[in-house]
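Common to both upcoming complexes is chain A, partnered first by chain B, then by chain C.
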Partner chain A sequence: MVTGTLLSTSFLVGGAQNSVQVGMDRLGADILILPQDYVIKGQSVLLTGKPTTFAFQDSVLSRVKSIPGIAVASPQLYIGTLQNQGCCATDLQLIGIDPENDFTIQSWLESELGRPLGKDECIVGFGIIGPVGTILKFYGHEYTVAGRLDPSGMGMDASIFIRMEDAYTMSEESGWKAVSPVGIREGQISAVLVRVEPGADKEAVAQKIRETVPSAYPFTVSHVATKVNSQLSLATEVLTAVTAAVTLVSIPFIALISTMVANERRRELALLRAMGATRLFIFSAVFSESLLLAALGGLAGIGISGLLLSLFEPLITGTLQVPFLWPSLWTIAGDAAVAIFLAVGIGGAASLYPAYRSSTMDPYEAIRRSEL
Partner chain B sequence: MKNITPSVLLCVLGVALLAAPWTFAPVCEVHGDFVQTVTGKQLPMPCGYTARAEIGVGALVMVTGVVLGITKSSEARRMLGFMGIALGALAIAFPVSIIGMCAKADHTCRTMTQPTITLISLGIIVVAGIVLYYHRK
Partner chain C sequence: MIRAEKISKRYQNGAGEFLAVNEADFTIAKGDFVLVIGRSGSGKSTLLSMLGGLTRPSDGTVRIDDEEIWKMPDNRLSQIRAEKIGFVFQFSGLLPTLTARENVLLPVLFHRRKGDPANTRAVDLLRSFSLGEKLDSYPSQLSGGEVKRVAIARSLMNDPEILLADEPTGDLDVDTEQEIMDLFRSVNAQGKTILVVSHNPDLASFADRIFRMEKGTLVEIT
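Presenting the complex of A and B:
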């Protein structure tokens, strides 16, 4: 229990922090600009890929590009698909990108695909099943899967990237091809991803954007990391409290079991003493058994919690609404080692008194009492 | 007296396997989500077909448990152990590769149903493996 809860806590916190780190690096932006009225929905697209459709009501890209300190500004268009598509029961997030200015998946396209995204092609996030070449149909428009992104643990894992041109065509055709239209006009965008010039103050640039484009809400990527940490803090506090409680309860419990085991073996231990075994030998025999049992229990706890975490990780992180990416093998191994060390420490501490009592008992008295 | 624990465990795990996708670890169609064709007809998602297949596998696991409880031959019990392991592997393979689940990673069929089926199936494999071990030649 102790090792299981300890490993779960460090696994979840480490996974969320790893995800934010990898996700933000992959996003490649310093500042994200969303419409004032859609900040929460926009952040949900970024963090969890929760599908939504929205757009700025006015043209913001040209005004953003004119602000000093901005190196690159790349527009994105967010379109939530309809429910009950052929592939999936629920809706998906389509992200329209401008291939000329995009820096979110551009480096991936160059290294993995070796060419720009073609007409009616799409790149799917890691969490979307389906091999390359699969045809996906959204709002009556067909797209061919050209590749799959590496896991990021964030919203892009549950998103599908298409060219903005194709998104506008799909929106126009949706009026007669789909059950309901997309409702996005050509030229509209949902977000602008910004890279600031080297050495520029990101917060100052964000403030300048706020002043220049009042309908926009710019925020730095560090703001997103802070938001994730605050979402995690409650879960972390609860798990830490559970770990502390389990640890505290387990010490007297293990001490009781060690005492019972020592009492059960009182006769054998007394015979060993009568045959010449030293007190130190008896003490170390009882103490080592407890350490061994604690280590085996710790390993079992790690095995069971590891199995449950690996199976139900999407459910847990989905319920907590935090992004998640598996920590590195070394991190997990380090956490497991700490958990086993703690379990062995608790087992050892709890068995000190029973081991001391066993080593100091009078052999004649112990044998006589065992035979009563 | 014969130990009936593995037999009872296999029966319980068989019931859990056939019931899970429709009750405590539901697939998408339990929430009312279906594929809608252009003619308006509603068809089950891939996870719905997997759930139907698991009914058959769960029933077979139950039968294996019942037969294990009434048979006396050590060789027959060994064969039932083999069958239990094969059924457990088949139960894992249906959502993973044979039929599959929905495409999106955050669907309940992938966050809840698939891991639950895997967990129950691992339980079936472990119990059947123990039966096989105790009735080895």
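Presenting the complex of A and C:
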């Protein structure tokens, strides 16, 4: 029970922190500009990956590009899909990119694909099934899978990257090819990802964007990360408090169980004393049994919490509104080791006194009582 | 040889002190078969436990082969219990999770004697007590008399000089009681010192020396 709580806490925190870091790294943006009126939804796209379609009503890209201090400004177009027939169980986020200016997946494309994204090709997030070469159909338009990204734990895992031009074509054709049209006009964009020049102050650039383009809402990376952190820290605090409480409560509890076990076995232990067992032998027997039980309990706890976490991961991520990426095997192993260590430590500490009591009992007394 | 010098045991109870054993003073020579009879509550078990190193006397000294056992450190006293004393308790005293053979092997944990391998000796002991068929039976699968015989076999496993038995026939029928006492006799014939404690005066015919315990006071009557 103790191990389980400890482990869940550290997994959850580790998982979320992992996701944000990987996500920000992957994004590689200093500032994310979204339409003022879609700010809330935009953040949900970024962090929890609920697919949506939205766009600026006016042209913002050229105005953003004119602001000093900006090194690269790369437009993106977000189109949410309807439940897709073939490939995937959930709604997906189509993301139109400009292969010439993109820096979010471009570096990935260069290293893995060795060429820019071609016409009617797509790059899929980690969570999307199907090998390279699979044909995916959205709004009546067919795309060929050209590659797959590493897991991010963010919305990106359920995203599909396509070329902006193909997205406009798809939108236009959706009027007669698809059940419901996309509703995006040629030239519209949903977001601008900005990289500031080296040495430039992100916050100052963001302020400048706010002044120059009133319809835009710029997020700096720290802004996004902070939101996640504050949501997380609340969760962390709750879990830490729970863990502490469980640990505190469990010490007397384990002591009680050890005592009960020791009492139940008083007669057997007294018998062993009569046969010539030393106090040290009795102490070691009771103590090491408790350690063994604690270690087994710890292992069971880890197994159970691992199972629960994998079962409830979607729920946890959903209610906490934080992305979750399973920590690396090493982190898990480390956490597990710490958890077992703690379990054994707590078990050992709690059984010291019962073990001492069993070793110093009067054997005749113990036998007599059990005869009553 | 066991020598008790004015050993007493006092217990605290609600009202005050209770004298369970009052200055018992006697010597038991090697090879004696001694019976202590007395009513329930007269202090027999307490006396036996003080002699066997299971409970410390409030006063007096106990010597086994001229060594004062209650002056020893725990590991030395434990060694005496392992090597020189065999206990048979009123209750079964067998570990329910172990087979007859495993139960008999238990004392080897605390004292490795030279001679036959432990397992051979355990099996021989059980066979000589007509338990050859029950080697791998669990205590719950044995009759009362069989359980008692396994317990006696176990008490002999380390070939002790002294056998201390507390009401060994307490819950047995007359025939089985006879059988167990005959067993003690034959063990005694091999030169072992035997001290049996019982509330049953009918056992007097088996012993060489008989003591009576009355309200904590011990008197030799033969």
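The rule is short, and it goes like this: the second predicted complex is superposed on the first by the 342 of 372 C-alpha atoms of A that agree within 3 Å, B and C clash if a C-alpha of one lies under 4 Å from a C-alpha of the other, contacts with A are read in each partner's own complex, and residues count from 1 in each chain.
The definition used in the following text is that contacts are C-beta pairs under 8 Å (C-beta built on N, C-alpha and C of every residue); 3 or more make two chains touch, one makes a residue touch a chain.
Predicted model, so just to flag it, every value in this text is computed and none were measured.
K.L.:
Examine A:R185 and indicate which partner it touches, taking first as chain B and second as chain C; both and neither are also allowed.
P.N.:
Neither partner.
K.L.:
Give one of first, second, both or neither to describe whether A:I129 is in contact with chain B, with chain C, with both, or with none.
P.N.:
Only chain B; A:I129 stays clear of chain C.
K.L.:
Give one of first, second, both or neither to describe whether A:Y364 is in contact with chain B, with chain C, with both, or with none.
P.N.:
After superposing on A, A:Y364 lies in contact with chain C but is clear of chain B.
K.L.:
Based on the superposed arrangement, let me know which partner A:R273 touches: chain B (first), chain C (second), both, or neither?
P.N.:
In the superposed model, A:R273 contacts chain C only, not chain B.
K.L.:
Identify the partner contact of A:K65: answer first if only chain B is touched, second if only chain C is, both if each is, neither if none is.
P.N.:
A:K65: touches no partner chain.
K.L.:
Quick check on the superposed pair: does A:D157 touch chain B, chain C, both, or neither? Answer first, second, both or neither.
P.N.:
Only chain B; A:D157 stays clear of chain C.
K.L.:
Output check: A:K177 vs chain B and chain C. Expected answer is one of first, second, both, neither. What do you get?
P.N.:
Neither chain B nor chain C is touched by A:K177.
K.L.:
Looking at the overlay, what does A:K119 touch: chain B (first), chain C (second), both, or neither?
P.N.:
Neither: A:K119 stays clear of chain B and chain C.
K.L.:
Both chain B and chain C touch chain A; at which residues?
P.N.:
none
K.L.:
So in the complex, which bits of chain A are touching chain C?
P.N.:
It comes out as residues 267-268, 270-281, 362-365, 367-368, 370-371.
K.L.:
Please name which positions on chain A make contact with chain B in the complex.
P.N.:
Chain A reaches chain B through residues 48-49, 83-90, 92, 126-130, 157-158, 307-308, 311-312, 314-315, 318.
K.L.:
For chain B, which residues are in contact with chain A within the complex?
P.N.:
Where chain B meets chain A, its residues are 28-29, 31, 33-36, 45, 47, 100-107, 109-112, 115, 118-119, 122.
K.L.:
Given the complex with chain A, which residues does chain C contribute to the contact?
P.N.:
Touching chain A from chain C are residues 45-46, 49, 52, 54-56, 74-75, 78-79, 81-83, 87, 89-91, 93, 95, 106-107, 109-111, 154, 158.
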